[in-house]
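Each chain gets a letter, A, B, C and D, in the order it is written, and its residues are counted from 1.
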Amino acid sequence: MGLLYTCLKYLVVSLWSIFVIAPFLWAISTSFKDFQSVTNGATYIPWVDFEPTLEGWRALWKSPAKGGVDIVEPFFNSIFVTCAGSLISILLGTLAAYALSRFTFKAGFIRNSDITFFFISQRIMPPVVLAIPFFIMLGKFALLDTLLGLIVVYIVLLMPIAVWIMVDFFNKVPREIDETALIDGCNPYQAFYKVVLPNSIPGIIVAGMFCLIFGWTDFFFSFILTFTEVQLLPVAIVALNSSITPWWSLSAAALVSVAPLIAVAFVVERYLSKGNLSGALK
Amino acid sequence: MNFKHKYLFLLPGLLVLLGILIFPIGFTVRLSLSSWDSFYPALDFIGLDNYVRLFTDDKRFWEAFGRLSLLSLTTVFLQYVIGFSLALMVWKEIVFQRFFRVLFLIPMMTTPVIMTVIWRTFFHESLGPVNDLLSYFDVTPLWLSSELLAKFTVILVEVWQWTPFMFLLLLAGLLSLPKEPFLAASIDGAGPIRTFVYVTFPLMAPISIGAIIIRLIEASKIMDTVYVLTSGGPGTATETSSFYIFIKGLREFQFGYSAALSFTYLIIMIISLTIIAKILVKLMVRGN
Amino acid sequence: MSLIASNLCLKADTEYHLNDVCFEMSKGEIYTIIGRTLAGKTTLLKTIAGLIAPDSGTLNLDGSDFGRIPVWKREVAMVYQQFINYPHLSVYENVAFPLKQRGILKTEIHNRVMKSLLQVGLEGFEERKIQALSGGQQQRVALARSLVKEANIVLLDEPLVNLDYKLREQLREEFRNIFTAKASEDAILIYSSTDPVEAMQLGGQILVMDEGRILQQGNAKAVYENPSSAKVSQITNDPAMNLFEGTVAEGKIILSPQIQFDLPRHCQELPPEKYNFGLRAAAITLDEGGFPFTIELSEISGSETFLHLKHEHVKVVGLLDSVQNFNMGETVMARFDTTHLYAFATDGTLKSSPYSGMK
Amino acid sequence: MKRTYISLLAVSVALMGGTAQADKWSDQFPHIKNTGDIAGECSYEAMSQKDYSGQKLTINTHAVPVMGEPTALHAEQFSALTGAEVNVIHTPAGDLYSKAMVPFQAGQAPYDIVFGFSNFIRDWKQYLEPVPAKYVNMAQMKDVTQSHIDVNTWDGEMIQFPIDGDRHYLKYRKDVIDNPEYQAKYKAETGNELRIPQTWKEYGEMAAFFNDWDWDNDGELEYGSAEVMKKDDLMFAAFFSRSVAYSKNPRVKGGFFFDLETMEPLINGPGFVEALGDWVEATKYVPPGGINFGLGDEINSFGGGQTLFSFSWDDAFVAAMQDDSPIKNKVGVAPLPGSNRVWNRDSDAWDDTYNQAPYIVWGWTAAVAKKSENHEMAFDYLCFFANDANHQADIAIGRFGVNPFKKSDFVADLYVERQGWDPEIAKQYADTLMEMEEGSTNRVFPLRVPGVFQFNSAIATGTAKALAGQLSPQEALDEVAAEWTKIVDRIGADTIREAYAKGVALEDAE
């Protein structure tokens, strides 16, 4: 580990950091611009390169009738749908993953690994494939443009992730722990929630984190399956993608949309450092 | 262990998923046998005509597939290499360790469709900062409108967005490695490179394979980035399978045909991902 | 009061995990199942616990069908070779867990938990987290948890195998007292092990298992003196009993042209035929009057030396009571103490033993 | 024609009257403070008489601000006036079609009003409610130019409601073209006159000449032309604007896109190939990244003073003429360039005569869904959206994307007084547009047939390949023609002919 390696290490880490931050810095700068400071070539530093305005930020609270986006309601819709979808997915996914990790299933040529693959393979389908059939199906149940309808779709989107992570996790938890619980007088359900569940917190946190990420970042389903009653954040923000794009309010909105999950990043890092998650992700 | 109770664990999840999916999948298959389009929205039956068209008369679909392979394999490879390097660098002592770790995770937490809009302004060829800075060197590359660079830009944005995913999985893997093999290696006097080749990498092989497969699955769906950044252009230079299916389905409203595309795509993806997984296991676990 | 197993079978693919296992165990006894790894010991214990359902056969406790009772209602306790505890609970909560599960009064739980902890030497550790304990301590907690239930059947699956040598010796000593005390409370104690020394030290009844079968069953002394087959002799001795092929002819045992010796007394009546002869390592000593052997390997273990010797096709291991150094390839003279010679038929059955003569 | 001017005069007098005094409505709605309420069937006053309280109106419109902001604004006003609850959803342009079409086809009716483009009419028609006679016959509608009535009408029945005016015309930097110094320089270096380009060839030469140097001395480089070249982003409209002069021969009847008799595509004919050749040439004089410009980029580029020319919808011009624009009153308007020859497919040869033809372009419209539960309320909203007061206010705001489509709009004084335009530019603007709307006899209507998206998508794919240099213009258009033939076969030649004949009838009637 010479000096050379150390220098190289800091160089790479710094370069990558710049790359990671660059679009955010640009977005922050742009969010204080107006039409003129955008269309006359690139500008960077407020007061030096251009006269900053708060137009972009104000647009976030204004109604579209005044040229704004009003992302407040979509913001909370997004949080609600993502959290609800994640919760249900984790609940069902954890149960299924436990079953797949601990018990043997046989039906014809189908084995445990096939069932696990079936769960995970749902991620292979691009949203475009499912969007139309989902539209027709949700329409039949009058679930279009409702939070519930979106949650149903998010379950398909997120449960595979929960199953994938939790099967892996449970495979690493010694099954003797649950056996001991059974021997100590728990029936399988009690063993699950008194012993297995409390010891699966790291796995559940990881699964939850991935569910939150993939739920929060989805665009196409909410785009196609909602109209007016329920709008999610990405859809509301993309609705700024007009033929004259207001770069400033778009940048402000983008920054707002990033904020909640940055909190998630801190949580993840904390658990990583404490070593609680490593077992869950291995 | 084998109890009747096992079904009560598995079935809620499985049945919910099956229940939600059975209609969409069945409907897609049925739709692919019909000529449903914007003008005749009906489930008539035209046999395998759509599939015949797909296999005999649709070069664009197969070209899109080729492009998808190129884009997804390249991005996942880059994400893996970069993610692994970064994980190695912040694994052991480094100043501001926690800061870097959080920072490197952040891009993954952002919504692709939104961040790509920012990227589009970032690479805007006449109003964006990249070309503005490069113009000092008298070059103004056409990031989005030359065939080669547009692919590069899509890859760049994908790498920015999803390298953190690899980084996270691999860093967690590194942090959970046992200490003994490293002790043994240092006692044997192995340098950092030898330690990496003979200890770290083999130990990380299983988690690497998992991470790569999952990323390949996700990368093959690449859609939001292309949708915002280039709309598949210039020409068809960045048109991938899912974007082509999107064009046929939701732009041109050839539902029947796009269902046939979707179904064929799914089959191909499942088969090729299975093969890739097998190959990876062979390649990476060979050492052990 | 007894646990009776009849014809337990369990098959996975083509391999038997349990193959027609029958036994009868009575309360107040310690039973040791001895066998190599993968012999089916753990499977058998888990079957008794109810974690595994056999394909066929029955388990019967005191006349009632034990196999029908689900695990959580069987009165059994089990300690695993891995140190299995509940990582999210403290030591006290771990030990109290099975009692709480039964809905026992708090004060009684307290008394019993403290008693168990005292028994395993963990008083004062009640509030500790499991992760903060050493391997040996963790296994003590597991043992305490299995004792506190006062179960009828206590299963111990190689509880010491994952500890380092010294600790193992120490715990073995301690545990034996606990086990004996436990067994005297009218419980059936089943202990599985790969280590013959351990089995012999515990005394009690021994069941020798291999490839899912029970090969021999009896008290420790009987099994030691009269292994029912060549295989049993291998499993129940450490190092495994030396086996070599030889022919009985004209009152002699002929191993090779050079190695021939007279039939010992207890073998006089062996008909002239081919046999597999068995001799424990301790019965092979260095002596100028013996036969010439080449040293293939010498291992020093504690105060003893193992010598791997070879003469043509005859390969044996000898055990010396002292520490000595040898060069590999060196030729030494080794003597066979034929008074301790076993004779097995070529199919493995015991034909003659030094303790009970001809079979 | 006479009749038009008289009515126009009457309206403009009324308008002037309106400006003079503010009324109670302009106090409540500052949006119309310039004119106050203007009497009419759907005026503020008239709407305030209606009571739709407790009813819900749902509208799918474009993203904010273009068309999205006025939709939302008028929704808010409509709600205040009538008590109706109005919900507006905003969708990017590329997805407006599918966002409405998916529910239509699934038998759902989430939207009462769908905003879209004029060429959606054939695909959407079966799901839309025709405009009732009451609205068709009202004075507000009589003021709409014939072109915009035609665009919104199918088979004599008005299906979509005119809310916006759309046309492609040439926008140029007056300060450059009229600059004697540059005129001399241009003459010296090329031997040609520097003037408003009359043909696409002239357009190309001038754009190339004024490309990549700082001709307005602001320290930044300027370029020749800003146009929509981004694949799928309306690029087909730009291509047709460049094609009409070469391909629309007033002496040839029976179809521009297809031969109406055989339904064979004409898209790979020499006229189109020539135009695509020009366009490929154009990639050399657009700003960096110009080959990936969408409409927004075009507007920003020309409106921000970056290019000499631009030729699509009004927006770039309106942006350039806004108060905060650095090039206000430095831009001019003219009809699209023409050509010195035009293809004659009857004689299979070029006619060497000057030819020019407006392309009655694709543009914004809105319509009411058949399944909507309250048709009257929906039409009242659209009528209110387009009432004179709102319309006058909307067209003054560039980002709204609402452009003139009423005869009363084409009065130069309006722009001078309200928006501070140079009188000469205002006159040029009003006259040019009026001539295009009412005067031309050689027009091309947009393709309005079933599966129109497939046709346009094929055009976009093919021309994008040519622009990117993947294929030559002829190869690219041959590919498009082959694709078109397949689409015709798939949908059925008769079905498409029946629809296409409607457009051809309008073209051939003059």
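A few comments on the model shown:
Heads up, the rule we're going with is that contacts are C-beta pairs under 8 Å (C-beta built on N, C-alpha and C of every residue); 3 or more make two chains touch, one makes a residue touch a chain.
As the structure is a prediction and not an experimental result, all values here were calculated from the model.
The set of chains touching chain B and also touching chain C is given as A. Chain centres here are C-alpha means, and the one lying farthest from chain A is C. Chain pair with the most C-beta contact pairs: A-B. A separation of 54 Å divides the Cα centre of chain A from that of chain C. Distance between chain centres (mean CA atoms), chain B to chain D: 39 Å. Rounded to a whole number, the gap between the C-alpha centres of chain C and chain D is 92 angstrom.
Along chain C, residues 51, 70 each make contact with two or more other chains. Those residues of chain B in touch with two or more other chains are numbered 1-3, 126-127, 131, 250, 255. Contacts with at least two other chains are made by residues 95, 98, 102, 300-301, 306 of chain D.
Against chain D, the residues of chain A that register as touching in their complex are 35-36, 38-41, 63-69, 132, 135-136, 139, 144-145, 223-224, 227-229, 231, 236, 238-246. Across the interface of their complex, chain D is touched by residues 35, 37-39, 41, 57, 60, 124-127, 131, 140, 142-147, 230-237, 247, 250-255 of chain B. By the touch rule above, chain A contacts chain C in their complex via residues 174, 176-177, 179-187, 190-191, 195, 198-199. The residues of chain B lying in touch with chain A in their complex are 1-3, 5-10, 12-14, 16-17, 20-21, 23-25, 27-28, 31, 82, 85-86, 89-90, 94, 98, 100-115, 117-119, 121-122, 126-129, 131-133, 160, 168-169, 171-173, 175-176, 192, 207, 210, 214, 217-218, 220-221, 223-224, 228, 241-242, 245-246, 249-250, 255, 258-259, 262, 265-266, 269-270, 273. Against chain B, in their complex, chain D makes its touches with residues 94-95, 97-98, 101-102, 105, 123, 229-233, 287-292, 297, 300-301, 306, 450-451, 453-454, 457, 461, 464-465, 467-468, 470, 486, 490-491, 495.
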